[in-house]
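A, B, C and D label the chains in the order they appear, each numbered from 1.
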Amino acid sequence: MSAPLPPPRPTGIGLIGAGRIGSSHARLLATRVPGARLVAVADPRPGAAAALAEPLGARPVADVEDLLADPAVEGVVITATTEAHADLVEAAARAGKGVFCEKPAGLSLAEVDRGIAATTTAGVPFQVGFNRRFSPEFAAARAAVDAGRIGTPHLLRSLTRDPGLPDYGRVPAWAIFVLTLIHDIDTLLWLNPGAEPVSVYAVADALVAPEFKAAGLLDTAVVTIRFDNGALATAEASFSATYGYDVRGEVFGSGGRLEIGGRPRQDLALFDADGRHADTPRGDVELFGDAYAAELAEFTAAVRERRNPVVTGHDARRALAVALSCIVSVRSGGPVDPAVVAGTVDARQS
Amino acid sequence: MSAPLPPPRPTGIGLIGAGRIGSSHARLLATRVPGARLVAVADPRPGAAAALAEPLGARPVADVEDLLADPAVEGVVITATTEAHADLVEAAARAGKGVFCEKPAGLSLAEVDRGIAATTTAGVPFQVGFNRRFSPEFAAARAAVDAGRIGTPHLLRSLTRDPGLPDYGRVPAWAIFVLTLIHDIDTLLWLNPGAEPVSVYAVADALVAPEFKAAGLLDTAVVTIRFDNGALATAEASFSATYGYDVRGEVFGSGGRLEIGGRPRQDLALFDADGRHADTPRGDVELFGDAYAAELAEFTAAVRERRNPVVTGHDARRALAVALSCIVSVRSGGPVDPAVVAGTVDARQS
Amino acid sequence: MSAPLPPPRPTGIGLIGAGRIGSSHARLLATRVPGARLVAVADPRPGAAAALAEPLGARPVADVEDLLADPAVEGVVITATTEAHADLVEAAARAGKGVFCEKPAGLSLAEVDRGIAATTTAGVPFQVGFNRRFSPEFAAARAAVDAGRIGTPHLLRSLTRDPGLPDYGRVPAWAIFVLTLIHDIDTLLWLNPGAEPVSVYAVADALVAPEFKAAGLLDTAVVTIRFDNGALATAEASFSATYGYDVRGEVFGSGGRLEIGGRPRQDLALFDADGRHADTPRGDVELFGDAYAAELAEFTAAVRERRNPVVTGHDARRALAVALSCIVSVRSGGPVDPAVVAGTVDARQS
Amino acid sequence: MSAPLPPPRPTGIGLIGAGRIGSSHARLLATRVPGARLVAVADPRPGAAAALAEPLGARPVADVEDLLADPAVEGVVITATTEAHADLVEAAARAGKGVFCEKPAGLSLAEVDRGIAATTTAGVPFQVGFNRRFSPEFAAARAAVDAGRIGTPHLLRSLTRDPGLPDYGRVPAWAIFVLTLIHDIDTLLWLNPGAEPVSVYAVADALVAPEFKAAGLLDTAVVTIRFDNGALATAEASFSATYGYDVRGEVFGSGGRLEIGGRPRQDLALFDADGRHADTPRGDVELFGDAYAAELAEFTAAVRERRNPVVTGHDARRALAVALSCIVSVRSGGPVDPAVVAGTVDARQS
């Protein structure tokens, strides 16, 4: 009998940004990602890094440079504020670390291009946080498309309804496209493999919090995307669903249809005098906890194996181009060609 | 003890057009609509009227004038070819008959206006065949909106997937908007009560039968409608779903969400080595048989009671205005205002 | 071109018993069963026959003999009180009428045998009201069994939950087996074709209305049936479901599984802060309206064509034998063999 | 700002039995149970312990005594062969280790009593592997019962369909009750809190593999349990479902109904020319992976905190008493009282 295989060498991961999603990612790295070792957590806010890192056996640091200088850190997970993403990607790559960046990887194509260039030059993996691709249902949907189960895609849809935000007064106008719908856009691009978007039309409004409409808030949006293979796609978002967190998709093609999402919170139904009831998922970590763990496992493996992850900076760029085109479309009132307009806009200036 | 109430006096109905939907309507009138009596069926094709009418105990006529002159005919159901609808509505009204017209009630607003004027002048009911309003699920959805169960509508969607057409070479370019999506448009207008559409954007293509694209076929379409109450709506159609006939809707609002449709053919699931399976509805008569019977019962009652039906020529005009705007939007490549463009177009010229 | 076929000659039906289900059947015969003509309604209660018959254009009679003597009555639908079923079946058969009898067709095997003998002698159809066989889902389930889709049945289940009764003090002890579970028993026998029940075990209690337990009420029951092909089946009933009327079934076999029933009232779901909600069917006429119409159409056709219907007195006898065996099992506290015990019991004496 | 809380001290766990479920538990302990440290794996088969332990960073041992003597082992997870469970529980308790034992905790009440006595004497936790209690849907169902959402339970059901066994010739007759249905029995006892079973009736047969019927195989069973609060319960099992692994439950009460289980493998549906399709869960680790992790986390916490777990040896005893009663019922052909018969039987002698 042969000797058993050795266990994997633990791969050291550092995390930058101990906010809501950063805390979730840190815990997953420490407990749910086999082969990952959470080495350090950086956050400039006093105490934030320690409160997250220490119970997980990791080292808290206040200064990103400190984390990037740590030789035990082989890969960096960036969950800092959106505006800092691009600079952090570049800095991490220059330090020779593999890079996982929460979406978006930048607020302009130029920013994402800097990250792609830096990680390519450094020869390190560059993954972006399109977690839905790692959920069992979206992964199985893509596999069904690849297997030809629904023929050629004709009509696609992806939608997100968030369970509400704490302060609509602080939400930038671009958030619904660049932070939320970028997930749906990536899903639509990914489920229509080989096709390129040729036209983008977006309508948006402040319907959830109309009191911030004058200040520019957009909390509800519908996007139509036309692809070069003829497929027509819709992305839809609202910042506030009373019933929780809701992500669904559909691919309709020449051979059939895929319907993704909509499951209840538990596999349980209650029947009473008012009819049939089931609870609904309430948040992204609840709905996509396994997907978050799976994307971090993929990143950890890519770092260990020094290879490209399955979701790259190129995917980040493609989705951002459409999201930025939505901003231009809202401004212009008509459809736009992403190849023409996406490079002209920085979300910050929108 | 008081005497029992008398039975209803049977109301005589004549039907014009013994095609597919006309045959279905005739059978429903003869067997499923209490108080209706199918008196006569008109169709110019030799034998068509007789083949439908006689087994149902009705009189076949070749000539519409003959049917309209019959005093036993109190209401007329028009299921003739689309191009003839407007003239038939007018003729029936002038003959003093109540009018039920399959959608659309005309191919331009002017045509529908003629019908409204003629029926108003004659003092007869004028109903249009928006049968979905009579299905239990759509009716319950509207009741839920009226009861405030989902608050203010923010995002709406209605979609139709037909089970395929016999000959795509004979389908006019306007059909997807004026024959199919007009149902979805009516649904969206109806489920967002009190709001008016202010912007319409449509994209469409020949994806099902691309060999007829050069000839102008549009078999797949997505429409975005913006309402004056801020709500954003999407209508979506394909002429060919491998899995049958598929009509679904959604209303998402400040207080919740309604999801309409998607039930299997029977309340039965089969589990085998390949997983879980259920059959799907295969046609409109199968899915909306009860709704067709209910709309004809409403028409019969409106004729008997000499009152407006719950779906009127005004509803026909509103939905047609949006459908015609879609044609203009496809032609112009951008969003259009129905109040500006709908009156300028005749579907025949598109 | 050949001449169109003639319409069917209307078949005259008389109905005995203008109670809840009788009223429903009468209305279906008058409005939903093509080819049926409701000729007369008999009920001994003053005014009851007239209140039902006259609005439907039928003749009210107080005396059953009057109805049976009417030559326009070709078939009789018996929806009288259960205790009278057997005598009425016999009387109708002797009068040469086709017989449809609501379940049960008698309260002992001897009673049902009298009906079988009388209808056989008279050469008239004899159908019993096992309406579930005519619902699309149960019919499709049986078709799937016949097609071998689930292989050999191993485990079967059928259950009924009624929406509550007006007065539990007037419910005889045998009602749950002979009035309610007889439906489930027939379903189980029918979905396991070719097999005979060899053992029946029943447990039952007064859980809904325990105040009538001392008086003998049984309102909740579970039955286990063992078949000669090895299959094991369960039937389950409660007289009071807060959420309405609930009928479901399952057939599990060597090749797969069928799951029948459980659909919501409409094809509509509401999502709000408490999760996902759907309304539930509230009554038998609501859930099985189409099935009731279909069984009456089958009866009407059998009368017209002078043939056996698809559900016969023999089916009535088989299901009653198991229902009576349940009574014996409850009394004896152990499993019983229907072939041995069913002939020994009259439900009235239980 | 206060200092962050320290991380938990890792709790050392040893595992006995590197079979299918042992391997799954070992991997969960090593990767999914925060605060647990898999210290050692024992298995007498050459190489089995090493193949499992080493990739997980644990020490393989051939001899159980070796594992029990290791001071780093604070709790022991017993996934050895069923017949060895009782002795191993006792040995682990005597060594002062917390004990988690896969179900059943013994093959007679006397065996389980030995384990309860030994763990009580040693003052160590004793948990049994009723994992379903830790699944979100069953846990939420019990919470709904406790909250009075369905009133008093009247009818309960729990069922298991395994995806098939490799060799039916090696399955002991008692397996379906003591290995499989013991899960369903525990579920029924747990979902009817405060009630005791007073009567048990079981029917069983060899329908999946009838060629082993003569050798005593039972692969299909239905159990009826009557409780002292009047509730009637059914448990149902088959060893072979073509469609995978299927666990469902139902609690019907005076106030409503709970329906547990039945979800598809992914939250994805495919529609094609044959209708609607979804994949089904294929195994227990797939369906209950989270529940297995949660029960091991509870055990680890109980060991660390030196307290009783939420599922104890007492629960093991109650469920086994009913499972053993099923064996007696099958033998006797009638219902039995667990209080009378359960203590008289050893599954090995059945």
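Here is the rule we use: a residue touches a chain if its C-beta (ideal position, glycine included) is under 8 Å from a C-beta of that chain, and two chains touch if they have at least 3 such contacts.
The chain lineup, named per UniProt: A, B, C, D = Gfo/Idh/MocA family oxidoreductase.
Not measured: the values here are computed from a predicted model.
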Where chain C and chain D overlap in contact partners, by chain label: A, B
Per Cα centroids, the chain farthest from chain A: C
Interface with more contacting C-beta pairs, comparing A-C to A-B: A-B
Distance from chain C to chain A - Cα centre to Cα centre, in angstrom: 57
Centre distance in Å when chain A and chain B are each reduced to the mean of their C-alpha atoms: 42
Junction residues of chain C, two or more chains touched: 241-243, 246, 255-257, 265, 271-273, 279
Interfacial residue positions of chain A with respect to chain D in the complex: 1, 3-8, 30-32, 34, 46-47, 50-51, 54-57, 136-137, 140-141, 144, 149-150, 255-263, 265-273, 279
In the complex with chain D, residue positions of chain C that touch it: 151-152, 154-155, 157, 161, 199, 201, 203-205, 207-208, 210, 220-222, 224, 226, 230-232, 234, 236, 238, 240-243, 246, 252, 254-257, 333-335
Residues of chain C defined as touching chain A within the complex: 241-244, 246, 264-265, 271-280
